[in-house]
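Data first, discussion second: the structure below is written as structure tokens.
Going by the order they are written in, the chains are A, B, C and D; count residues from 1 in each one.
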Amino acid sequence: MTTARLEAFSDGVLAVAITLLSLSLAVSGPGHGPLIHQISDRWPSFAAYTVSFFVIGIIWVNHHSLFGNLIRVDRTLLFLNLVLLLFVVLIPFATATMATYLTASGSDSHVAAALYGAVLEGMSLSFGAVFFWVMGHDHLRDPASPEVPRTAILRFGLGSAFYLAAIALAFVSAALTLLVTAIIAVYYIFEHTPGGDPSD
Amino acid sequence: MTTARLEAFSDGVLAVAITLLSLSLAVSGPGHGPLIHQISDRWPSFAAYTVSFFVIGIIWVNHHSLFGNLIRVDRTLLFLNLVLLLFVVLIPFATATMATYLTASGSDSHVAAALYGAVLEGMSLSFGAVFFWVMGHDHLRDPASPEVPRTAILRFGLGSAFYLAAIALAFVSAALTLLVTAIIAVYYIFEHTPGGDPSD
Amino acid sequence: MTTARLEAFSDGVLAVAITLLSLSLAVSGPGHGPLIHQISDRWPSFAAYTVSFFVIGIIWVNHHSLFGNLIRVDRTLLFLNLVLLLFVVLIPFATATMATYLTASGSDSHVAAALYGAVLEGMSLSFGAVFFWVMGHDHLRDPASPEVPRTAILRFGLGSAFYLAAIALAFVSAALTLLVTAIIAVYYIFEHTPGGDPSD
Amino acid sequence: MTTARLEAFSDGVLAVAITLLSLSLAVSGPGHGPLIHQISDRWPSFAAYTVSFFVIGIIWVNHHSLFGNLIRVDRTLLFLNLVLLLFVVLIPFATATMATYLTASGSDSHVAAALYGAVLEGMSLSFGAVFFWVMGHDHLRDPASPEVPRTAILRFGLGSAFYLAAIALAFVSAALTLLVTAIIAVYYIFEHTPGGDPSD
């Protein structure tokens, strides 16, 4: 069993999820105030769209990187990957909910941001599970160098810790959660999953 | 005619269907009560999302497993596969309907759960039809061992019988249908379609 | 330029379009009468879903069949294929509109059914354009036998004529349009595009 | 790292985005006036659908053309491509917004058309960035001939300048923006990205 179809299915889910992010941008239409205000009032939707677009894009880049170096797929990996995708598919929902409530008063904005952080934490932990299963079971074409596991633990640990911080900060301010998520995205753009494709 | 494009199309449909499951999670937005209540009141949606996500995920894993071992595709198989996909595409609709009505009073919850069970029964029977057509028409790269048909009849029969039971239980309690479906999903995670990829 | 990416893109569009058909099945939810009535009152949606699912499925099968035998793709073919996809993407919209208005009084049901027929006629004509472009420009791996063009003209002509009839019948009864479309689908299940994959 | 999965993911996003364009065509249903008026009143939606369908289709054709000639993908290219896709995914949203407001009075139609033009300008600039990164970093299988960069600068420059003009014209008339976009689409159908697949 090669990785081709696992990658094709994952690519499909990632592509649909990243595209569904745009559904939450829809304006209410005529009769709901000037369009320019409808758009400017919804800056949280545009900010959340951009951040989540890169979050899913980075998942794809790292998934690509890791699976391009795989030679063997087992049933456990298929299901760990499904758990990862289960969280990916929740991202458009969590993004839309956070964007809708970001400027809401009371506890709603905190709940919405914590939900967003929790979905990303779940995604991060399940990506870690996929990664360590692959590392620990000899599935790689080019064996990772000895320092890879150490670096990876550091990197995944850092990511997960930051998402935890994003959840905690949700109870201070929802906007902070979005900001921290954006910073994690920028971090992952420059620091990529080790053990992936060597040409990288 | 190789299986490549049949798999690509099926993967596409499965990936879109599994992602559309999340559309039913959308909350009503400000003005419909505290967000935390909106989310907790909709536990049926989250439970149904999780169960149906694994149901579709397992269909994909088993489809992958079976078609990875195919050498020949005929026109009948293309149409049997289309019937299977017709039921797969109904799963997000049936999931959303069941989740919406799970806690409704009167007969509505029973009807919604029976509909969900019926869609899964249709999916199970059409997957069985695909399987037995493939087995009976010499399409496999590695001929299945003699005991495969017996095991398969047992396994597909068991799955279909359980989905029938899920339909019957719908008239006792909609939640029971969801529970039985979850149990079938766990069963299929550990017991996979025989005759598939030998590396499995 | 091989056909691989043209097929991948077409498969993606076909897979998304076929899955979006299910969006029109969504029930209104609690407060809109017993669920069993909501479902039974919407029989046109279920009938239209089934017919359109097979219409798109058959497009995919015939597309697959034709492109599996291609060796060369030119820019004109890319754009003819885009026109075909433009009509395919209209099918979920036309299906939902027809289903919503099938039992409406006045001229609305006729308009909705004529719209459905017109979209299918456009799809049929553009598939014919793709076919004859391929035939006339030496793109095939296995040259079609001399009788293929004659058979093809007959078959495409018949399909297009029947869809024209479906449009005309829309002004008698919308249900007749749906019935004729179902009959054309059954016809195409048994009679496939000539000149395709020889193993077929 | 080959281009296969980058193309697969991009094809997926382009296929979903092009199909989501049709969501904005949905009519309001019975009780909102005769269907024939609902449809004729929404001519902007049908016009915008057609134009945007070809805009995305052309992006796909040119993307296909350029990436079919790539031998090497680096991390920067992955992220430049993500930025391109970020704008592509905004096209269905911008199309729906423009179509809804095209015939609105006051400044709303101008804002909506400027938004549409801005999304296409962003798409055009990021496609240019992808193109010049590829040209400047020796990623091509068949080195482009010396005149390619000059021609390309002219062509991309022309496209971006026309989209800028479309934004400016939005403040005269939203319909003009749509018209100019349609003209650019026709231009790109006949003039394709240089440096792509040589068989073209």
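Assume contacts are C-beta pairs under 8 Å (C-beta built on N, C-alpha and C of every residue); 3 or more make two chains touch, one makes a residue touch a chain.
Quick caveat, the model's predicted, so the values are computed rather than measured.
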*For the homomeric pair chain C and chain D, should the interface be classed as same or different, according to whether the shared residue numbers exceed half of all numbers used?*
different
*Working from the CA atoms, figure out how many degrees chain A turns to land on chain B, in steps of 5.*
90
*List the centre-to-centre spacing of chain A and chain D in whole Å, with centres computed as mean CA coordinates.*
26
_Interchain centroid distance [CA atoms averaged], chain B/chain D, Å_ = 37
*Could you list the positions in chain A whose residues touch two or more of the other chains?*
8, 12, 15-16, 20
*Write out the stretch or stretches of chain D touching chain C in their complex.*
7-8, 11-12, 14-16, 18-23, 25-27, 29-30, 34-36, 39, 50, 53-54, 57, 60-61, 64-65, 68, 189, 192, 197, 199-200
*Across the complex, what residues on chain C touch chain D?*
1, 5-6, 8-9, 12-13, 15-17, 20, 72, 74-75, 78-79, 82, 85-86, 89-90, 92-93, 96-97, 100-101, 104, 106-108, 111-112, 115
